[in-house]
Amino acid sequence: MSTGALLPNSFPLVMSTNLNAWSDALSELHLFGMPFGLIIIAAIPLVFIALYALTYGVYGERKISAFMQDRLGPMEVGKWGILQTLADILKLLQKEDIVNKSADKFLFVIGPGILFVGAFLAFAVLPFGPAFIGADLNVGLFYAIGIVALEVVGILAAGWGSNNKWALYGAIRSVAQIVSYEIPAAIAILCGAMMAGTLSMQQFNLLQQGEYGFLHFFLFQNPIAWLPFIIYFIASLAETNRAPFDIPEAESELVAGYFTEYTGMKFAVIFLAEYGSMFMVSAIISIVFLGGWNSPLPNIGPLSLNDWTTGPVWGAFWIVMKGFFFIFVQMWLRWTLPRLRVDQLMHLCWKVLTPFAFVAFVLIAVWEIYVK
Amino acid sequence: MGDTQENIPQSGEVIAAKAVWQVINEKFGDAVSELDENPFMPFFEVLKREQWRDIALFMRDNPKLRFTYMACLSGVDYPEERKLGIVCNLESLGELGHRIAVKVKCDREGGIIPSVAKVWKTADWHEREAYDMYGMEFSGHPDLRRILCPEDWEGYPLRKDYQVQETYHGIKVPE
Amino acid sequence: MSGYFRDIGSSITTILTGMGITLRHFFNAVKRKGDAGIDEENYFNQVDGLVTLQYPREAIPTPKIGRYRLYNEIDDCIGCNQCARACPIDCITIETIKATKDDLAVCGKTSGGQQKRFWVPVFDIDVAQCMTCGICSAVCPTECLYHTQVSDFSEFSRENMIYHFGNLTKLEAEAKRKKLEEEKKAAPAPKPKPKPAPKTEPEKGSQ
Amino acid sequence: MQELGKAEHSSVRVTPKGDNRVIIEKDISSEEMILNMGPQHPSTHGVLRLECKTDGEVVIEAEPYLGYLHRCFEKHAEMVDYPGVVPFVDRMDYLASMNSDFAFCIAVEKLLDVEIPRRVEFIRVIVSEFNRIASHLVAIGTYAIDLGAFTPFLFCFRDREHILNLLEWTSGARMLYNYILIGGVAYDFPEGFKERALEFVKYFRPKALELQKLLTENEIFVKRTKGIGMMPADVAINYGWSGPMLRGSGVEWDLRKEDAYSIYPELDFKVCVPDGRFSDIGDCLSRHLVRAMEMEESLNIIEQSLEMMPEEDGFDPRAAIPKRIRPKAGEVYGRAENPRGELGFYIQSDGKSTSPLRCKARSSCFVNLSAMKELSLGQLIPDLVSIIGSIDIVLGEVDR
Amino acid sequence: MGLLDAKISKHNVLVTSVDNVMNWARLSSLWPMGFGLACCAIEMMATNASNYDLERFGIFPRASPRQSDLMIVAGTVTMKMAERVIRLYEQMPEPRYVLSMGSCSNCGGPYWKHGYHVLKGVDRIIPVDVYVPGCPPRPESLIGGLMKVQELIRMEQIGISRAEALKKLEEKSIDPGQLIQAARKGAIAS
């Protein structure tokens, strides 16, 4: 590790090595015969995500959309409205919980649960830093793709259980959409896996490590990688029901889509699951193509920016920042574009994204074998 | 309306309407009344109302008339004559450019006017509205239901002797 | 096939154009339009940036002729009943009592110097019904009835929205009415022109 | 234009080019479902109710039900005097009150035979063109919402707010003005109006361009509207369509040109008809384009009229208003070009009373909406929403 | 008074502060139902739009009655619509509030006399909390009305009925006009 000549030695070391040592020590911590430190390390990301989804996701969306629309957004609830989401959640907790008389009560209740669990299960395999990872599965990527599909079950249960025609439409549309978009998304992700030669999420990060920062990211190592990157991003929009693919909850068509009948906390759970899955796909795309927790800053001569900005806390910082960036792009798109129609959505999936994903798959394979 | 007919030079609209009326009069004879040549809205009345649909078809399809566009169809109540009626404002849109108004009257109770909903589709909803507001029947209308008031509303609101019902589905109606 | 690629190409370019526009607005969000009224010179000075005004603290001033809450300056009202007759929806209720001769001085003059001849015990405006069309204020001869620029006056109860502008209490009105009766009894014959009297009588009768 | 046959059912649909309605094959067995859309639904622009018979996403039949906002305009017109009808006319088409008042006043003035001062005519034209822009902005904005784009809607409302401020400054109210009176207008323009109005025109041109780039040219928007809700010209005329709807079907027909009322014959403006390069003639996109182009034309009209308007010091806009409005006996059908089409008033006066004997409002939306049943045949639900949006209904005018 | 209310008739510190937090949450996130009926709906949309931006108060319209707390009856309720309004009101989860916006829903407005098909006041069918006058009300008036609803919520406590809260409220009221004038004066002075 090369230290900068111009800056005092202690500055970068505080951020990197010392914290590494600290996290190592933490992982060694055992209480009552339990690996207590590891539990903390695993829990930190989840706690963070919950907090994020609770406050900053929704709040950020409202603020960003407001600024794009020449508005102010939430202002009165707390300074600059930062307590807005907290108030929303607290209010939703107090609301009457209505279950339709004609609803399928079991499905109606379990729907949001499945949705929520499905959205947050994938966080188990997301590495938030060199040390912060819930479960470093050797098939982490596969698991992440698979678990997203679990949401479909929740949406279908919610839509069917509501016994409402709009909800049913929303659910059926959503299922058709998510199942279809799994294909281009999975192929695009496989391109990444091909470049890495592994399915372990942590391995992805390690492979993209290097002193030249962003130049080690797969996106910049391989010119063809841009294609699966964009395909996966578009497909991930569809998988999380974000605009322009928000037809399952299309407000002007289907009132509120599959959660038309949900009140109070059940609605809040659905709402949070949406933001949770938004962050999840953003994290996956940044891990696979943009180096995950690796710092994008390169070492330039004596300015070893990369080294200074590497470490467990920095790792978490980078992956969160990258995730936020993609969430921002998602919001940006949402507040710019109209909504596609159902058949156009399928057209885009089967006739545009899937062929291009196959092309990208082949090209990357060729590149990996012959060029690299 | 006699006092409006003064010896001022007639506008082009009235002259055109006169020509139109002559064509119709040639074909249908005394089924139509004389043309009222007032400068605001020259009109004639269909005296034999069972011929109204034929007249309408003739007016739409005759190459000299070509009234392709029905601007308006208003129901009217004539309490003194004990009659209800409709007033249609017709125009040859984009082709010949002339316009004329036609009146058809029927009895106040159980009056029937032939429907022209299939000649001009505009008339479909307008006739439904006239039925809703005045209560005259339109024979041959594809779907004669109330359009603005609820299906179970009592009375025909725009008749001059209309009395508002006291309650509707348990909700008090008058102020 | 070329149409296929042209579609993809135009999709990408138009989407990017749109995104550029929204991003420009996003970065323009540091600017604020301000609360200049439309009659001020600098109304169109700031065309980009946020346009939101935080209402309870800032707002664009209502124009001078803005028609909102209906208000009656009862001191200037001569009880001519023209507004109530002009109102298309009859949301103004007026009752008048002719002032007796000795009361004319007490009854006073309008700010325009016109002698008031009627007491107005009831001048009720139902602002919940008022549709702010301005027909009543246009016919008012003394310009005592006008729409103010105040628009924000919501209430918890419907009763609070009937505004009473009458200048007499019920007891006072009763006294004045008696006084008028007495005056009429005292001098029935020598009045050559009892013209304004029939005008007011229907109102009294209805009461 | 297609020649209509002799038979009554002659206006049989001629399937135009680019029509993409779905034809359900009968051998696929599926169940029909009745879907009730409205009266409280985000995309029905008010309280319209559509009873759709659907097969999956395909609408087999959509039957509109009206009357949820039937406010008895015609009854009120018979009950109150002529000046009192004007506020009710305002409330009919609440997005374009100025234009509605204009139409009503034209009808009554025909009967009354009053001379309108020239400056008043200019004022009327300017305010109604402003209101036309405001109305089209709402139409375009809500159409964007129907198609899922929220931001253009807010941009439209932001620009509309400037127009409302201008009109409030002139008339004293934001939406329902009661400004154009029979025989005159309520107030003269305030001092400085001309400059501010020209500033607005200068401000609005780039904003309209931005809107066009953001919404109209967007490929998704085009895909959602092009070829949807096709209406050939002859069928449109048979349905009695007017205004942007009819012009969207390629018929060059504008009452401002046809009837040449007020000072419109002196002004230089063109009737906006889509040229078929960007859209298929007669689809939703054409109608949207007509509205967008008309905003531009309205700006031109405003600029011209502001230039041509005679300046008069101490001008009394109420001078020509008759003291007592009691038209002579007769019937009249007066009409004007509303943002939504031809707004006509059939007025019957008996020459004795100060209120009309009969006042029928021929509302453009009512007529335009009557084609809904035919337009919705075989469309998908999102297309149905798109079609309703393109008709640009104002329920106050539909139900009156 | 309900059973629970009777039990907690004494307002101790804990109950009050919990009440305050809960009320704060409720009044800070009033989600109205996007329920446009007539002219007032356009002004309601204008209030939601950029220039007045109701989202500042955390108010953003929901399409489904199930997720809304507040029903803004914006416009004329007709006889045909009345039953739908009742149904929509019943579909909303408790605690729910009704704001009657504009003359028409207050008491039939311009249509109260001859309007045979117009419901003369939405309070004939559902309980109304706040009446906003105007035809249509300016966006400012609507915001003022919504702030009145917020005040009402702030006054609510377990054990205090809505009527009592109203009585409390009548004692104090705010005048936004003065606030603005003060703000503008301050801006000129500085």
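Think of it as A, B, C, D and E in the order they're written, each chain with its own count starting at 1.
Note that in this section a residue touches a chain if its C-beta (ideal position, glycine included) is under 8 Å from a C-beta of that chain, and two chains touch if they have at least 3 such contacts.
Worth saying up front: this structure is predicted, and the values here are computed from it rather than measured.
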Each chain counted as touching subunit C and subunit E at once: A, D
Any chain that touches subunit D and subunit C: A, E
Chain whose average C-alpha position is farthest from subunit D's own: A
A-D or B-E - the one linked by more C-beta pairs in contact: A-D
Chain closest to the middle, measuring from C-alpha centroids that were averaged per chain: D
Furthest chain, CA centroid comparison against subunit B: A
Interchain centroid distance [CA atoms averaged], subunit A/subunit B, Å: 65
Interchain centroid distance [CA atoms averaged], subunit A/subunit E, Å: 38
Intercentroid distance (Cα basis), subunit C paired with subunit A, Å: 56
Centre-of-Cα separation between subunit D and subunit B, whole angstrom: 24
Contacts with 2+ other chains: residues of subunit B: 148-150, 157
Touching two or more other chains - residue numbers and ranges from subunit A: 68-72, 75, 251, 255, 335-337
Per-residue multi-chain contacts in subunit D, two or more chains: 41-42, 67, 70, 72, 75-76, 80, 87-88, 91, 151, 154-155, 158, 161, 176, 214-215, 218, 220, 399
Every chain pair meeting the contact rule: A-C, A-D, A-E, B-D, B-E, C-D, C-E, D-E
Of subunit D, residues touching subunit B in the complex: 1, 4, 6, 8-11, 66-67, 70, 72, 74-75, 78, 110-111, 234-235, 237-240, 251-253, 258, 328-333, 335, 342, 344, 346, 348, 358, 360, 362, 366-367, 370-371, 399-400
List of subunit A residues in touch with subunit C within their complex: 64, 67-72, 75, 332-333, 335-337, 351-352
Residue ranges of subunit C touching subunit D (in the complex, touch as defined): 7, 10-11, 14-15, 17-18, 21-22, 38-39, 43-44, 47, 51, 60, 62-63, 65-67, 86, 88-89, 131-135, 138, 147
Partner subunit D, residues of subunit A touching it in the complex: 65, 68-71, 165, 169, 243-244, 246-247, 250-253, 255, 335-344
Complex interface listing, subunit D residues touching subunit A: 33, 35-36, 41-43, 57, 144-151, 154-155, 158, 214-215, 218, 220-221, 223-224, 380-383, 385
